[in-house]
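Next come two complexes, and both contain chain A; in the first it sits with chain B, in the second with chain C.
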Partner chain A sequence: MPGRNAALYLSLGVVLVYCAVALFAPVIAPFDPFVISGPPLAPPDAAHLLGTNDLAQDIFSRLIWGTRATLILGFLGAVVSVVMGTTVGIVAGYYGGRIDEAVMRFLDVMMTIPFFPLLLVLTIFLRPGIYVTAVIMGLLGGLGSVRIIRSQVLSLAVADFVVGTKALGARDGYIMARHILPNVLPLVGVKFVTSAQHFMLVGIGLGFLGMGDPNVVDWGQMIERASKNGGIVLGLWWWLIPPGLAVTGISLALAWFAYACEERINPRFQVMRV
Partner chain B sequence: MAFGISVTIMFVILHLMPGDYITLYLEGIYVIAPPEVVLAYNQAYGLDRPLIDQYFSYFLGVLQGDWGYSLSYSRPVLDVISEKLVWTLVILLPATILSIIAGIAIGAYSGWRRGSKADVTLLNGMIFLRAIPSYWLALMILLVFAFYLDLFPLGGYVSLSALDTGIDLLDVMNHAALPIFTLFFFSVTGTYYLMRNSMLMTAGEDYIVTARAKGLDDMTILRQHALKNAMLPMVTRVALQCAGMLTGSIFVETIFSWPGIGMLTFEALQVRDLPLLQGILLMDTLIVIVANIGADMIYPFVDPRVEVGSDARA
Partner chain C sequence: MIDVCDLKTYYSTGFLCRTEVRAVDGVSFGIKKGETLGLVGESGCGKTTLGRSLLRLIEPTGGRVVFDGTNITALSRKDLRRFRPRMQMIFQDAYASLNPRMRVRESITEPLRIHGLEDRAGIGRRVRELIEMVGLNEEHLNRRPYELSGGQNQRVVLARVLALEPEFIVADEPTAGLDVSVQAQILTLFRDLGRDYHTACLYISHDLGVVRAMSDRVAVMLKGRIVEIGPTADVLDRPCHSYTRRLVAASSADRGFSRPAPCPALPGSPVMVEVQSGHWVEAAAR
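Moving on, here comes the complex of A and B:
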């Protein structure tokens, strides 16, 4: 279907635009995001495309710089989560038996603790910077991927080609890296994109609750500032709406991208499951 | 059992952390806390005793309903939480029930008519809705319906007039409408996805083909044969979604100033009230566990092939 492909490329394009904005933030943004750049609470004009906030910082520049934090939170978290999920998932699924049992029981227990409230408690205690936050989210969120990858590996581990390779005398490490990993890779890819989306929303949510890293500009803290300091009451839409739209945009693009990819790889999965 | 393990893990996590309550609490009072004050506080809270001692007293305390003492409320944590829990349930239960019903109905239809225009539209709409962060959705709903259209109150759970007339049910419902609406939107997409997937699986089963071969009409097959079977996996999955709803309620309650657990979480975060936060985490865990046990209990009634206690459930 051409529509599916269009969605794939369009969403990929949007994600790339965000990445470019994050990379070239210093070039694009007209002002330093922390500096006082004009009168406070100014409405949009030629110099300040989205006006200024209550601290007289340029909102447009903050929006541009905020892209960095969002992408770091999402992608770093997703890398950690997927690497952990894949490694543990493959090992547990491939060896099975006691190792698998131990991993699964541990997961069962950990999964009863709700992700976000736990993250909040950890954040309060550790007061992490943005990188540590991403890693913590990745580790906690990776628990779910372990389960998904592992169940896929379980059926692969007894597939004929794996048993055959084993009979040829291949080492376990070789089989896992060369035969199991490539087969779960599409699944891992989709998981990576959905995790990135999830972690971006969660990371910005943290900022919104006032748990963000104060040294970084992020959209969550921008929304928090706007809604706390009069953005709603005064109806200052240029302060309140752009950061939220920006989050929604990247989140939508990633969701579409994941969905389009899933559709593409699905047929192969169904064949393999037999 | 599971709860016991969670309590243990909670204890371990909280004690592995750098820093502790007292340092954190005293930071709010002193720039640099005098050592004798730290010592006195540590003694008062029993933090100078051996770890094993602390663990057992914490564990027993939790079982006996002693969940610690909130620093900001100056009341027992469990008191504060159980008071707020009621208000959370007031919006959480209707939102959950509505989203389950709507999610199942729309998801079943969408999955049954796979590939049709209606299905594609619904699916795209749901992907769109799911990608919008809950806090953003809540803010927009608040802005549009309460601020610009002025249809509903901006926040709180009763009007000021409640001071004279007492709490009026209609008034509470009026305040609860927007939070419920938002939470509903937040969770209906999840239910929809699950139901649609489940329906896609069911639609390919042999007994559906048989029903078709019998010449039954489409909607009868959907209602009589497909729906019931596709709903089975939903029972456990809905319980798993519970944690997501709790997270959603943190944002929704904060934005609508709804005085439940979610807003309590936010308040506890603002003042760094750790005992309270820890209690909330414990309560959230408890809710998730109860929901899961509930699902396990209900399952045999929905699916008679599974008996409680047998290891057959997947």
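Moving on, here comes the complex of A and C:
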């Protein structure tokens, strides 16, 4: 199916471009994102591709540097969430019984607490930097992945090849690493991409609410500044629109990529396509 | 070699009002070295649970399994793991018994690596030896389970299990998922290999024809209990328990055999009664 593959490669390409921009931000950005680089509120011209903001900082440079913070929030959060989700999910699903029961009841309690308000409260109290924010998001958001991974592991743990390997005399750790993990890995991959997208948007939300790390530039804080300090009122599109578009772009690309991957790993979808 | 004494496996469900299912309810029997005991019974009568409880793949609720003088039911987890290579299990669904992400080579090497039985060169040699023994060739080693047929997969499983040279194998309907011609090949292979290695075997099946061909003795299971046990020909040709009779009648009816000769009436007490040497019947249900 060429159309589906095209979506997969196109979205992957877009994500890679964003990663490259984040990686080479110092090379690409013409100005330091924090210094006064010209007159304030200047419209786009040759020197300032997207003009300047109210503090006379170059918006294009801020956009480029902002990619870094936003991707770190998304991907670091996703790594934490997926690693925790996979580990706890596999252990709970494999051993079952009391361990599983304890983990699940704890999750039930945790999941009644709404994610975003809890995150807000924690951010207000802890005033974390960008990395700690990502880890907190990952831990809170990973609770959902625990359930998904665990449900998959429940059926794998009683599969004949797992029971058979146990009968060979293999250790539990060995079975979990060599037999269970490889069989949940595709699911973990898709979960990683969807989590990254989710955490990126949450990170933007935090920035927009003024909870972002003031030491870094991220798109959420850019939008916040634009909306609070007159970007909307004055109709300065080059101030407000670019970070918004950048968010939309990466978010769409990640969502597409996740859908395309999911379709590849889930045989049921392949049958339905016929 | 194996002595099972009053083995019980109960499943309990429910938190407040516990209900108990007695899957295996006080079973005793023995299997000698090199002997195959066939286990027949309807679906859900506890055959599979019994097979798995013997190897402690399901923890039994009570009773004892003594293997070559070692009480398996009393072993610690660690000791049990060391003991496991001596007793193995083969499942009904060959495809499901192999990790879909592992190549045949890895699946067969795995037991050798887990127990550190051979060095690298030795493992390579042993794997080639095993794969030829079960009637496949080296070219199959690089395939994955979904690239092989059911019969071929069951051969791979056999190679994987035989790598450890077990003294006792529980075979849980290993041919039920295969078509008849392949079934015959696998059965012949299984019997020959069992003979070569002098392996004791518990052969679980609901197909009386297969059990007749494979086993030296037969045990008939009904609702978690063994109701009749004895030499194959004795039990299947002169069934004494009413359930065994129905079973034999059902399987011989469509093959045009005559109905089995009835057996002398037994006194009605709930104990096992020896009707002939080595042929025991539960007498209560008559």
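Everything below uses one rule, namely that the second predicted complex is superposed on the first by the 267 of 274 C-alpha atoms of A that agree within 3 Å, B and C clash if a C-alpha of one lies under 4 Å from a C-alpha of the other, contacts with A are read in each partner's own complex, and residues count from 1 in each chain.
The working rule: a residue touches a chain if its C-beta (ideal position, glycine included) is under 8 Å from a C-beta of that chain, and two chains touch if they have at least 3 such contacts.
Since the structure is predicted, the reported quantities are computational estimates derived from the model, not experimental observations.
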item: First (chain B), second (chain C), both or neither touched by A:167; value: second
item: Partner chain(s) touched by A:159 [first = chain B, second = chain C, both, neither]; value: second
item: First (chain B), second (chain C), both or neither touched by A:88; value: neither
item: Touching partner for A:196 - first (chain B), second (chain C), both, neither; value: neither
item: Of chain B and chain C, the chain that contacts the larger number of chain A residues; value: B
item: Touched partner set for A:124, first chain B, second chain C, both or neither; value: first
item: Touch list for chain B against partner chain A, complex; value: 2, 5-6, 9-10, 13-14, 17-19, 127-128, 130-136, 139-140, 142-143, 147, 243, 246-247, 250-251, 254-255, 265-266, 269-270, 272, 274, 277-278, 280-281, 284-285, 288-289, 292
item: Residues of chain C that touch chain A when the two form their complex; value: 52, 55, 57, 81-85, 87-89, 91, 93, 96-101, 110-111, 114-115, 157, 160, 164
item: For the chain A and chain B complex, residues of the former touching the latter; value: 108-110, 112-118, 120-122, 124-126, 197, 201, 204-205, 208-211, 223, 227, 232, 235, 240, 244, 247-248, 251-252, 254-256, 259
item: Chain A residues touching chain C - in the complex, by the definition given at the top; value: 159-161, 163-171, 174, 178-179, 182-183
